[in-house]
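Look for subunit A in each of the two complexes below; its partner is subunit B in the first and subunit C in the second.
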Partner chain A sequence: MRITQGCFSFLPDLTDEQISAQVEYCLSKGWAIGIEYTDDPHPRNTYWEMWGNPMFDLKDAKGVMLELADCRKAHGDSYIRFNAFDSTRGFETVTMSFIVNRPKVEPRIRMVRQEVDGRSQRYSFETVR
Partner chain B sequence: MNAETPAPLPPKVDLRAEFEESGVKAVLDELDAELVGLAPVKARIRETAALLLVERARKRFGLSTETPTLHMSFTGNPGTGKTTVALKMAGLLHRLGYVRKGHLVSVTRDDLVGQYIGHTAPKTKEVLKKAMGGVLFIDEAYYLYKPDNERDYGAEAIEILLQVMENNRDDLVVILAGYADRMENFFQSNPGFRSRIAHHIEFPDYSDEELGRIAEGMLAAQNYQLSPGARAAMAEYIAARRAQPHFANARSIRNALDRARLRAANRLFSADGAVTVEALSTIEEGDIRASRVFLGGLMHERKAAE
Partner chain C sequence: MADGNTKREITDKKERYRAGVLKYAQMGYWDGDYEPKPTDLLALFRITPQDGVDPIEAAAAVAGESSTATWTVVWTDRLTACDQYRAKAYRVEPVPGRPGEYFCYVAYDLILFEEGSIANLTASIIGNVFSFKPIKAARLEDMRLPVAYVKTFKGPPTGLVVERERLDKFGRPLLGATTKPKLGLSGKNYGRVVYEGLKGGLDFMKDDENINSQPFMHWRDRFLYVMEAVNKASAETGEVKGSYLNVTAGTMEEMYRRADFAKSLGSVIIMIDLVIGYTAIQSMAEWARQNDMILHLHRAGHGTYTRQKNHGVSFRVIAKWMRLAGVDHIHAGTAVGKLEGDPLTVQGYYNICREIYNPIDLPRGLYFEQDWADIKKVMPVASGGIHAGQMHQLIDLFGDDVVLQFGGGTIGHPMGIQAGATANRVALEAMILARNEGRDIRNEGPEILRAAAKWCKPLEAALDTWGDITFNYTSTDTSDFVPQVSASM
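Coming up: the complex of A and B.
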């Protein structure tokens, strides 16, 4: 099942050239790019593993793309995403986030029903490989 | 020209016009105007600019083979303008479209080499990532390599640098700088560097006359001027200072002028009454004559000479 999280996730996967152009845009806004990866795309799994520190003070997208290449080498069959962090006072948050790498076979997300408190139903989701 | 047929690819390219348009001329003119002397350096930069312009024209006709390597080494004595030229170089390469961003990242050994095992590679990579799309300027590059300590982490930084210099030639230009004799040693013990650096540019020492002009230029930039007496004193000062130890060309001059300004301020402050604008912006002969250089240098150096 195709996971749709962050920007551009309803579009076909971005090519490296397109990713690079998006990174250029982020850098032109003064945002710092952080790379994160995970094998569990559950929507509640907010905190993915960090690939190194977020990259501040970059001028060119090439630096980020080099790190992406390294991350793909190590975690090619995982989800990898870029987070663009805006350090402007008052924002100080991630302003843009998009997936740049997906595993070959994506896990499904399954709904689970549970009976609680008599006949009440509780719904939850889990990732199934 | 027939308006109906689509314009064919121009069979000729006007290099002169290209030169004016690209803004390269502006950088070169600026270089000529701002930097006194340094004739061989300027000639070399002009050649590099010509090469890149021609290369760009060739690319337009599909003649280009591969991007030329532009890693450089600047060698010369202290204070001969290596950093200043590197900054100009970054601007020049950017206008020629050789580097994408044209910023200069200036580093020394401390920024590249780590303190413990496994610390160096991330540190060096961090710097390289910041320099992507621009120029990486490594000052006193020979400190990277310490032959007397084989467990020094400098070798690791060198290895990563060489790799990036080879693989990311389109992404950044590396400029190594340092004193001539020690750079020579450095290249001797790291043949990889020598072969990857195509351009070795030597910065000559300034002549006394050039240093005099540099002094006036520095003062003019700060809205100061020399009185005629001070100008003569300055010429004598330069000749005397050159003979003394730790002479660092333009940097020595800058320091001398800073001290002269200090004395000038003190002189104006201790004199009573109102001062004119002219007095505020003039360095007098006495401000320069008061320097210890005229007595033969610092106290302990004078003793050693006796």
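Coming up: the complex of A and C.
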């Protein structure tokens, strides 16, 4: 199943050229790019593993793309995403996030229902391979 | 009458407080030399004085009736620091191109207002004065709320930054749709529409303003089926999803009951209607803050007093009050859809919701600068008669921090609800990608959409069905400082 987190998951997977253009956009806004990877796309899995710190003070997308290539070498069968961090007062958060690599076979997320009071259900999710 | 000048405050105390009737200006409610203090609340009214009523006297009357005055002199004023309690009209000018209408600026001392109470603020500012006989019509156009006053409010319970973090959605507008038909669906049928929309690619579905708990669908049934749909769609996509559960009800007790149930089912968001009233809104904001809940406000009823230029309260003022009162979402117009609003005026509302500081911006109807003192930001919602074919216009007008709601444009899709949702999501992502690549979406938007439609059948069908639909009517509530912009570009 195709996980549709991130802001371009409904488009065909981005080429490296397209990814690079988005990085240029982020850098032009003064945002720092962080690379993160995981094998658990649970909707509440906020903290993917960091491939190093966000890259502050970068001027050129090439540096990010080199890091991506290294990350893919190490974790090519995982999800990899780019997060852009905006330090502007009033934001100070992730301001863009998109997937740049997917595992060959994506896991499924299974919904588990637990009967509670009356007709209410307690829902939880499990990543299933 | 002192020196016979009816436009000046009478300074001789004996004359001033002799029993009888004086002009409001003579009582001290007009001071053309007044320099507003940084801690004053400022209000801009558009007034239409009755024939023969001097605009300055009318402005003084507005200041008087919205602060301490009554129709006659009262000696008990002398027991108080009445000079400071009097609001002061300090500027009056004709409205450009609108004969008989005047802009009148009034300053209020901070002491006149209870901290943290929109009810108290509005009881003063719009309490009596709009029915006052010497003016034919009055409209509250804008307010400047001093930082000292802003800081007495807690503002949005979540705010748009934290909302995005909770939803884990960044870098693009959020997508929603209102479940339709708004009345008549059973709980089970209703949940079906929610599931289809969310699975197809929307982030949110939404109850409409008048869906509460009618004979065809009890509110608990709706909540249970909707949450089944939300969670199932979440599992199918890996995304956090939500559906605004409308908890509007006849009493606060019942609203709390419904909100508690929504929370127990794991909903990320609840909804209220503007018609529940300012105090109820502040109470629900308090509840939402204590329960980690995003609070969506539908502006039901606002058109009765915001739309006509000459009388009522501008929506930009309502938006300011709601940011203070504390809502996370507010419907703020589409500019291109089926509901009232010219593009610049609507952008003004968005700026009020989202900026940390609003400079004076006359074309967008912002007459005062406003420092929001870091109070959280409200996520504006564009809803009503918009479709995928307008994606470039919507993003160009409103940027990323907005919820775009395509109700009919999702559910009315010829290939079904999921396809409708997918069409909207693909149109959105394709447009954001293109904009970020540096393309001029305002002009190239239709090409970008058509290119995406080549590989996305649902988008192609959406464009074929609605591509040419526009709502090209002249807006009623337009800026007074720019040439008119047509409603549909």
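Some notes on this structure:
Here is the rule we use: the second predicted complex is superposed on the first by the 125 of 129 C-alpha atoms of A that agree within 3 Å, B and C clash if a C-alpha of one lies under 4 Å from a C-alpha of the other, contacts with A are read in each partner's own complex, and residues count from 1 in each chain.
In this section, contacts are C-beta pairs under 8 Å (C-beta built on N, C-alpha and C of every residue); 3 or more make two chains touch, one makes a residue touch a chain.
If you're wondering where the values come from, they're calculated on a predicted model, not measured in any experiment.
Partners subunit B and subunit C, once the complexes are superposed on subunit A, both fit on it without clashing.
By the touch criterion stated above, A:63 is placed in contact with subunit B alone, subunit C being left untouched. In the superposition on chain A, no contact is made by A:50 with either subunit B or subunit C.
Shared-chain residue A:121: touches subunit C; no touch with subunit B.
Using the contact criterion defined above for the overlaid structures, shared-chain residue A:74 touches neither subunit B nor subunit C, since it reaches no partner.
Taking the Cα centre of subunit A as vertex, the centres of subunit B and subunit C in the superposed model span 100°, given to the nearest 10. Subunit A is touched at more residues by one of its partners, and among subunit B and subunit C that partner is C.
Remark: least CA distance from subunit B to subunit C after fitting both complexes onto chain A is 16 Å. The residues of subunit A shared by its contacts with subunit B and with subunit C come to none at all. Interface residues of subunit A facing subunit B in the complex, by the touch rule stated above, are 52, 55, 57-64, 66-67. Subunit A makes touch with subunit C in their complex at residues 1, 3-5, 7-12, 14, 18, 21-22, 25, 41-44, 46, 83-84, 89-98, 109-111, 119-123, 125. If you check the complex, the residues on subunit B that touch subunit A are 100-101, 103, 122, 125, 128-130, 132-134, 168, 171. Within the complex formed with subunit A, the subunit C residues making contact are 161, 164-165, 168-172, 201, 224, 227-228, 231-232, 234-240, 264-266, 356, 374, 377, 422, 425-426, 429-430, 432-433, 436-438, 452, 455.
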